[in-house]
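You will see subunit A twice below: alongside subunit B first, and alongside subunit C after that.
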Partner chain A sequence: MTDHTAVVVGGNRIPFARAHGAYSRASNVDMLTAALDGLAARFGLAGRRVGEVVGGAVFKHSRDFNLTREAVLGSSLDPHTPACDLQQACATGLEATIYVSNKIRLGQMVDGIAGGADSVSDSPMAISDGLRRALLAANAAKTVPARLAALASIRPGHLVPDPPGITEPRTGLSMGEHQALTTMRWGITRGEQDELALASHQNLARAWSEGFFDDLVTPYLGVTKDQGVRGDTTIEKLAALKAVFGRGEGATMTAGNSTGFFDGAAVTYLADADYAAEHHLPALARVVDAEVAAVDYTIGGEDLLLAPTYAIPRLLARNGLTWQDFDYYEIHEAFAATVLATLDALADETYCRERLGLPEALGEIDRGALNVNGSSLAAGHPFAATGGRIVSTLAKLLHQRGTVDGRPARGIVSICAAGGQGAVAILEAC
Partner chain B sequence: MTERVVLDAAPQLAPMLVSSMVRGLVRRATGRRPGTLPDREVVWTHGQDVDRVAAYQRLCGFAVRDLVPATWIHVQAFPLQMELMSAPDSPFALAGIVHVTNSMTLYRPVSVREELTLSSSYGPPREHRRGVLLDLVGEAHVGTELVWRGVSAYLVRGETLPGMLPEAQPGGVHLPPDVEVDADTVWRLRADLGRQYARVSGDMNPIHTSALGGKAFGFPRAIIQGMWTHARVLAALEPRLPDAYRMDVRFTKPILLPSSVRFGAHLDGDSWTAVVRERAGSKTHLVARISGADRVPNVP
Partner chain C sequence: MPAKRDPLEVIATSPLARAVVSSPLGRSVAAKLGVSPAPELRRGRTLPAGPVVLAALHDGTLAARTLALLGIDTVAPVVDTPDARTVGESGRPVPPAYEGRIGALVLDLTALRVVEDLEYARGVLRPAVRALERSGRVVVVARAPESYDELEPRVLAQGLDGLNRTVAKELRGGATSNLVWVDPDTTPQALASTVRFLLEGRSAYVDGQSWRVAAAAVDDDVATAVRPYEGRIVAVTGAARGIGAAIARTLARDGATVVGIDVPASGEALATVVNEIHGTALQLDITLPDAGERIAAHVAERYGQEARLYAVVHNAGITRDRMLANLEEKGWAAVLQVNLAAQLRMNEALLDGRVGGLVDGGSIVGISSTSGIAGNKGQANYATSKAAIVGLVRAMAPRLASRGITVNAVGPGFIETEMTAAIPYLQRTIFQRSNSLSQGGKPVDVAETIAYLADPASAGVTGQVVRVCGQSLVGQ
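Then we have the complex of A and B:
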């Protein structure tokens, strides 16, 4: 078997829109289809059979059991293109990229598309367990009296619907409440968080004005640019916002330094390096390696969103790299404090030794190399779409940079996810 | 000589509650009651109800599976406790008796398909600064094999019995009223949880099923059955426990319905210490300790 190299050819997404706004009539299938069509147009994939399209959504309707396949069938891709749904909360897009690149590296396919979509506006609403069980029992009943008996068990309280939750089922805490515990534990200040949020907005606004996203984004439903970005925001404006998570002195997390609810979709086109060359497709960056990790946050006292701190050292060790060996760091901004706690944890001797079992701390990084073209605080965070946005952005950044000291520019992506999980991946410029 | 009473059907809790209440009123009026605990063992052999186990597991936060939690065996032995305590020759009426501690040991995993022979009897009464502690000792056998043993301590306020032992006994529950364990996990207890738990457990005490019942006993609203909270703690830790375990619980403050509480647990060696506290305040509702079970005691 020959060695195969998986490269990022390019990406496409729709601008991320505020929830209950421009995309409120679009479903996950609609948005994912739009992202695929834009990608197909960009790389001449219309009518072409792609190896596999892999994606998912976090807020998913039960009717969308084949969300990605439905999007393929609605797109300009050859209907013979297979698809697979995959979901790992906010790491969905990155996990899909890992899946596709692994198949390419194994020689199982020459190209594939990874991504995801999420709509808060069109989120599924479940009926209560009581009503659902009564209806299921009535449906299964073989006689009329049995059916009536099942329906008679319905109580008025059962009629209250269950909106989708972002609370962790085993802790009853929302992600923000979890992060507030982490923020307190690591002593992350309001000022640091606001500065990181400001940088995200300024960097994303600059990248938009420089045209960086011209070949990464396709307008959708009249939206041409990410709606979350506020290039004109200031540290004073951010400092004036009221805290929404945490209590007392720990109340440092605001709507400005936490991600809000967004709708959107993003996809990344990956291919075998040789295939890309033969077909005159661009190759932006090579997918080098990836690692996923999880933390014991339910009763182990670990931080819900710091699973990447476990994945990063394992990934570095396997690749013979240090934490300082990267030219770009893309750390998903679920909350500004998540990024800061991740960096603090990896620079903390006690945490690295006792929690991670490392001989010493990984140390500090050059903050100037962090999320250089903005990240989720400014762009918005439609959960499953974020991985695709970040991978495509980093691949383009690396390609533009080319080489550093005679070696390919190198970047790392880190995404935390619900359930105390995290996915990280290394990309190198082609 | 211990009297052995073998039941052929589950005792019905509601009639027992009513007759015990009437008897309590009569005794209060006459000032006369039996002076000692009856020396009796109540025994009942039965197969378990898969649907009821599933409903119990779901309501208490367990995975629905074939192996039953230790607290479920207590739920099945509970009617036998009630049968003993509501008997005409039992000295105290049920109303006003407070469940203060519980200790149970699961000696090996028990499947929902196994037929259990459950028994319940009084242990020796113990002193308490506010009255007398009644120990209800339960056992569950599969055939002749002891698979579960539990001791529930109930406090009868302002009463005494002859021959009381000191409160602290070897092998008993030794839990402080509070422990230093962080409690960050939030459990939201809905208003109808007491009624739902009553349906799966049979514990229909009105103090748990209606605000009126709660008020009758001096609470502003209904309170959740302590055994639900007990089970919920076990459910949170069950995936990390060995096959055979002992769980001790001290009930320190009832939980009103509806409400939110905080839970946390800490592992020290092979022993978990867990706590349930108020969501907003710092008062403790329940303290628990769970560790690997001792070996099955020698059966004579």
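Then we have the complex of A and C:
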């Protein structure tokens, strides 16, 4: 088998919209279809069979068991294009990229699309376990009295619907509450968090005004730009917001430095490098390697959203790189404090030695290379769509940069996810 | 979302109004008021249903050879001469007539020399206009006035312009008349695309016009190709909706690989059009200083380093209507930038021989407008920009002739689009009716004319502005 190189050809997403707003009537299938159609238009894929489309959603209706395949069938792609649903909480989009690039690198396909969609507006709502069990029992009952007996077990309390939560089932804590513990543990200040949020907004607003997203975003339902971005926000405005997570002195996390609820979809087109060259497809960046990690946040009491700190050193070691060897750092801003705690942890001697088993700390990085065109705090974070947004953005940044000191520009993506997981990947400019 | 309907429109389109118009009395009243239903026009790549009559003055053979090349059968004309008339029941003379409806009259007047020759044109036209079918065609082929050295034929050739325009006005039922000026050495191959366009439904809304088909080298297979754009890349600006979307679809129907361009904010509609025709989308603000470079880069990136644009259709345009009394610099500049300056800049980049730029032998098509040709109240900015497109076409065509690149424009009249649907009912009705075809044109009518102008077989058509206006009363 010959060696294959997986490259990012380009990407497309719909602008991320505030939940219960412009996309409130759009389903995950609708949004993913729109993202695919914009990608098809950009690269002339209409009517063409793509190796595989891989994606998913975090908030997913049971009827959407074939979400990605349904989106393919609704899109302009050749219906002979297969699809696969994949889910890893907020790392869904990045995990999909890893899946597709691995298949390409193995020579199992020449091109593929990775991505995801998430709608908070159109989220599924489950019935309670009590009601569900009663209905299943009634359905299984063979006689009328048995059926009535089953239905009689329904209590008024069972009728309350069960909305989707972002609480961790094993701790009962929401993600924000978990992060508040981490924020407190690492002593992340309100000021640091607000500054990171401000930079995210300013960077994203600048990127939009420079036309950076002209070939990365296709408008949808009249929305032409990310609705979360506030280029005119100030440190004073951010400082005036009330804390929503944490207690007492630890109450530093606000709606300004935490991501809100958004709807959106994003996809990335990947291909074998040779195939791309032969088919006049651009090659923005090479997918070098990836690593996934998890933390023991239940019994071990580790930080829920710091799993990437485990993945990063393992990935660096395998690739003979140091934490400082990157020209771009794309660290998903679930909360400003998540990014800051991740950086602090990797610079912390004790954490690196005792938790990660490293001989020493990975050290500090050039903060000017972090999320240079904004990230989730400004763009919004429709869970499964975030990976596609970041990978496509980073690939374009790397391609624009070209080489640094005679080597290809290099970037790293880090995304934390529910369940104490994290996915990390390295990309290099083509 | 449906546009708010004008109360007058609600009345005019009500079942009662329809019933009145469809009754014999109502019809005659409606006709007097000029509100009779407009004829449905023949469109697309369809020839007239009835026979094509070929009438040639003296030894003119250009039209005959052209029709033969196109494989279009012809019949001999009925000519009205004093001898051919019979005496009717009332005792009055009756001119000779065709037995049934005819589809078209192709009148070859390339041999025109003296005033008396025009009698032949009258003699052929009189029976023909009486027999022409709905959406029938009169196509007059004559030498361009400036192609004559002698005085008399030159004068007469110009006279044909008035004849053609009058025939167009007298014809009914969606029939049109147009005049084609040729050079002495224009070949049937060079003329074929024009004659076929005029006979087919593609020219539905082109009426009373005259333009020139100069001599040019065109191969037989190019002259007769049905999908002339096969293997060619064409860029269309403003392709997301309306006329631009129709241009993209029409060019794709004729084989083109279309690069659809529109502002990033119109990306969703653009993607829909482009995916439908299997082209590629380029979200681009054409007023960017490097818009032309970006288009060329897109072509090279998507279609290979050897790929070149065959044609560019500068369709993108905006209006910022204000009476001069209220017009400030912002609204003035915006229109001139988008409709004119951007086009000049893009052409410059696409013509400098760069990778992905315009190929020699290619084509540039712009969009002028009736407003530009005639001027229009409240559109000082728009009219200026659109008249300038006429200037651009005339100035660029000779400069690019040595590279075989044609430069032409269409001049749309009242076209039914989302934009014109917003005009109040009464005003819109007046616009729709103020032309010889008593109706507004469709975006596809503009698109078809552009596809004809940029057709490789139309190599002899350059420096021309073809109006698509149903012979609007406004302008020339």
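Convention: the second predicted complex is superposed on the first by the 430 of 430 C-alpha atoms of A that agree within 3 Å, B and C clash if a C-alpha of one lies under 4 Å from a C-alpha of the other, contacts with A are read in each partner's own complex, and residues count from 1 in each chain.
Everything that follows uses one rule, which is that a contact is a pair of C-beta atoms (placed from the backbone, for glycine too) under 8 Å apart; a residue touches a chain by one contact, two chains touch by 3 or more.
All values reported here derive from a predicted model rather than from experimental measurement.
Look at A:145: by the touch rule set out above, it reaches neither subunit B nor subunit C. Touching more residues of subunit A than its counterpart among subunit B and subunit C is C.
In the overlay built on the shared chain, the residue A:248 is in contact with neither subunit B nor subunit C. Touch criterion met: A:298 reaches subunit B, while subunit C stays clear of it. Within the superposed three-chain model, A:41 lies in touch with subunit C and out of touch with subunit B [touch as defined at top]. Residue contacts after overlaying the shared chain place A:357 against neither subunit B nor subunit C. In the superposition on chain A, A:211 makes contact with subunit C only, not with subunit B.
Within the complex formed with subunit C, the subunit A residues making contact are 34, 37-38, 40-44, 46-47, 76, 211, 213-215, 217-221, 224, 280-282. Listing the residues of subunit C that touch subunit A in their complex gives 260, 264-268, 270-272, 274-276, 278-281, 283-285, 288, 301-304, 307. Subunit A meets subunit B in the complex at residues 157, 170-173, 181, 298-299, 301. Against subunit A, the residues of subunit B that register as touching in their complex are 182, 184-188, 192, 236-237, 240, 260, 264-266.
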